[in-house]
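What follows is a pair of complexes built around subunit A, which joins subunit B in one and subunit C in the other.
What follows is the complex of A and B.
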């Protein structure tokens, strides 16, 4: 497996990996492998949204070396499974694209809270854009995250009672206590 | 953390700050856009020069210059906006500090009120009066006593004192009396023959002496 980054699983060059296994036990282990791979891939490439058709052609689901790709329905099954654990969220009912949370919204929420606490920005009003695209957050894991995803993560903080999201016109801001 | 949500309210100031920060974000986005245009015009100018179209290259460079001026203006505005935002945020903090100072002052005043000078004088006067009353009672009691009673009391007191001393000495492992009894003073009175010196008379003499003392005390009072 020369030349592939380490987050690629050993199974990647193993043709059956790209075929949905009929046996339930095999499928569940295969599914676990795919779940981990999708999250690791998105994390490494800082991918926040997966368009299934585009992703199909990407190295994520297609291994050109062995001329195999994971069929679209199976990809959908994998993403469905991710969505069940809050690691993914379909962006539309037709399941053509999904947000991929390689950390769960809960984890990101905690990270954001810790960051704001560490930088003494509790009680300060921040724009959502500033959090995902500001000059101060470039080194943070959630940097570049799409706005709806950030809102979902902040909703966790709101639910914990430590934040409030409010808007001025169409633009949203957050205040964390 | 742990506090109820109702304690945290988004205020009008928060909204104003958000508004300013949103404007700042928009200015930043605008700046980014201008930067992209700048880079593109530069590319166009290069491309035109390569193709030998000098006038077009010049035009692109002029456009670029104009965009650069816009960028400068944007930077200035961005700075003004950020300054204003910081000033507002600082003013909010100052308000908190002011409130804190006010609270401290109120508490201090309250404490001072609780121990005002008048109260202190009153308390001191009260205790003085109590002492005086005590003295009065004591005087009253002693006045009601006959001299003999007074003598008896003092005799008893002395006896008790002696006893207490003896007790103390016993505890310390010493003999009841000093090993060397204190020597009497050399007589400074007229010599009296021993037969005259009967104990009854001596006690009477002591009583007389004390009566005289008391009389002096009463006079002094």
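What follows is the complex of A and C.
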């Protein structure tokens, strides 16, 4: 389709793309395409949290040109599949919204570590808010990331033994060495 | 031998002749010629029809099948079986060189008995009596039945009462002499004793053995129990009127066949039982002699009416000649009106008469069929009936009116009630359904695109039968046997459970391929839905496929789902139902 950003797959204009295929082989291909598309879309829009009901109407799951949309249960299935590979995390057990990690927490953790290393901030204590919303991190991919997601990424660093997370009043701080 | 080549239907049933009807089927039957088993004809089904006995072997049916014309069968016997030997029905064949209806065969071994040409008799009760030849035990004088297999080498049976084996000469004497059981041909020289007997017979109803003079009304001798002759008109006619018959006549050839000579008989060995009902039906068929009906003239009143029936309404002149009651010759419009009224009245009378009772219907079946056909041709000629659907419906109903005894109907009473009866019934039903579907005149499967749901089949098949309807469960059971019987159709169950009967050669693969080819050909046409990308091709609804392939909607849906299952199609659920697209995920 003309005018669409290139991260939109060809299949976006294929009506059966918006119907869950009963054939197992077809469905696995279709699912892979949906996964890639959801991640690419979220990355392009810097979308960290996907509220399924809201997303339903968004261009992600609705192609207005051909008047097709992916039904909610199928969206859930796609996100479930993403969650299985740590690319997504349900915010609550009712599965109404999910954090989308368009990079895996491991990748984000490595990026944060590299950033702190590059900017010589190892050993200093930073609040999480500084990391996600600070003026210095606007160019970073994780800029604007939601707190719970960041905590999860930092947990990876903690596990690696290079960081420590502690509470400072209401806020949380992190120290990387 | 008397066997003829048997043509089989695609479903390996005997192909019935016109006017031939199936009477009975029995499986697990073996075939004997004389005393010997016929190789490769030992495990098959015996079909009794009004005209023939057909044998179809279970394996290699096309190669090993045979038919026997009932008109060649002179008489038949039932042997009940003993220990390991199965019950058998023996059919004694009419010698092929003898004229039809002749009961006699020249006795080649009795030199004093010159062959005499007896007038042929078309119907006679003699056949059943012919086994009544007896030999008298010299010890106890008990009249023993003559052994049917008697010959120089055959063992001599002991007397049934005293158990003493007689001299061979006793049997030979009984065989060669014009025994009391034999009707002497008119010019045959008589022995003294027989002359004596004849003399006695002339006066009273004397016993041929003990010479006791019995009362005229008695059938058996009061003293010795011997069967007394029965006077009937046939006797005097056959024997030239001079000699009254002493006893049931026996065809001379039974005992007199030399052992070396080929016995013209065929045995059906009923290994799975069922010989009794078969025998009953055979008796019925032999008595009815349906094969003679072909030539028989129809009832005159009907033939007279039949001329009217097939008349075209526009043929005015003939109508007048067929309405002799209109003595007054009327011309003009009024005359024409009267003619057509007369014709209508005639037709009405014929139909009303035919439906009066079933008997009449059967006897008038031919005329009614002719009438129905003439209606049908009139319909097709009539330009005012432009609506083809209506025309077809009418001609269909006309065809139904024909009520022809379908070759397709198998009823439970035609099937042996022996142990495996239900499965045999279903097997025969399966065969008849396969024939019904394969029938070129109807070409039902073709019209239905090669697949028909079991429900539709049930309706159509029962409608074709007209009477003796079958139950759905019988149909299902029969359809399940298609594979086992290797019939040209098969039963297929779709994922949803829908049962469909289709041609055997229509495999899923072929259907899938044809659907995809069709889709491709559609896509080459200019894309009608401009909004969709051209690369996805065109989509179809189940309805489109149904139209294109002649399927019913249910079948089309199932077939498309089958293709989807195989990865050829993918679906899109929209407001108008499920649309089907070529599956782009399949290749990668």
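Just so it is clear, the second predicted complex is superposed on the first by the 177 of 177 C-alpha atoms of A that agree within 3 Å, B and C clash if a C-alpha of one lies under 4 Å from a C-alpha of the other, contacts with A are read in each partner's own complex, and residues count from 1 in each chain.
Here, contacts are C-beta pairs under 8 Å (C-beta built on N, C-alpha and C of every residue); 3 or more make two chains touch, one makes a residue touch a chain.
None of the values given here were measured: they were computed from a predicted structure.
After superposition on subunit A, the partners subunit B and subunit C are accommodated together without colliding. In the superposition on chain A, A:166 makes contact with subunit B only, while subunit C stays out of contact range. In the superposition on chain A, contact of A:26 is made with subunit C only, not with subunit B.
In the superposed model, A:175 lies in contact with subunit B only, and not with subunit C. In the superposition on chain A, contact of A:125 is made with subunit B only, not with subunit C.
In the superposed pair of complexes, A:65 makes contact with subunit C only, with no contact to subunit B. Residue contacts after overlaying the shared chain place A:15 against subunit C, while subunit B stays out of touching range.
Figure legend note: subunit B and subunit C, brought together by superposition on chain A, show a least Cα distance of 44 Å. The part of subunit C that touches subunit A in the complex is made up of residues 531-533, 535-536, 539, 564-565, 567, 570-574, 579, 581, 583-586, 588.
Those residues of subunit A lying in contact with subunit B across their complex are 124-127, 129-130, 161-162, 164, 166-169, 171, 173, 175, 177. By the touch criterion given at the top, residues 1, 10-11, 13-16, 18-19, 21-23, 25-26, 29-30, 65-66, 68 of subunit A touch subunit C in their complex.
Taken together, the subunit B residues at the contact with subunit A in this complex read 1, 3-5, 8, 10, 14-15, 17-19, 21-22, 24-25, 89.
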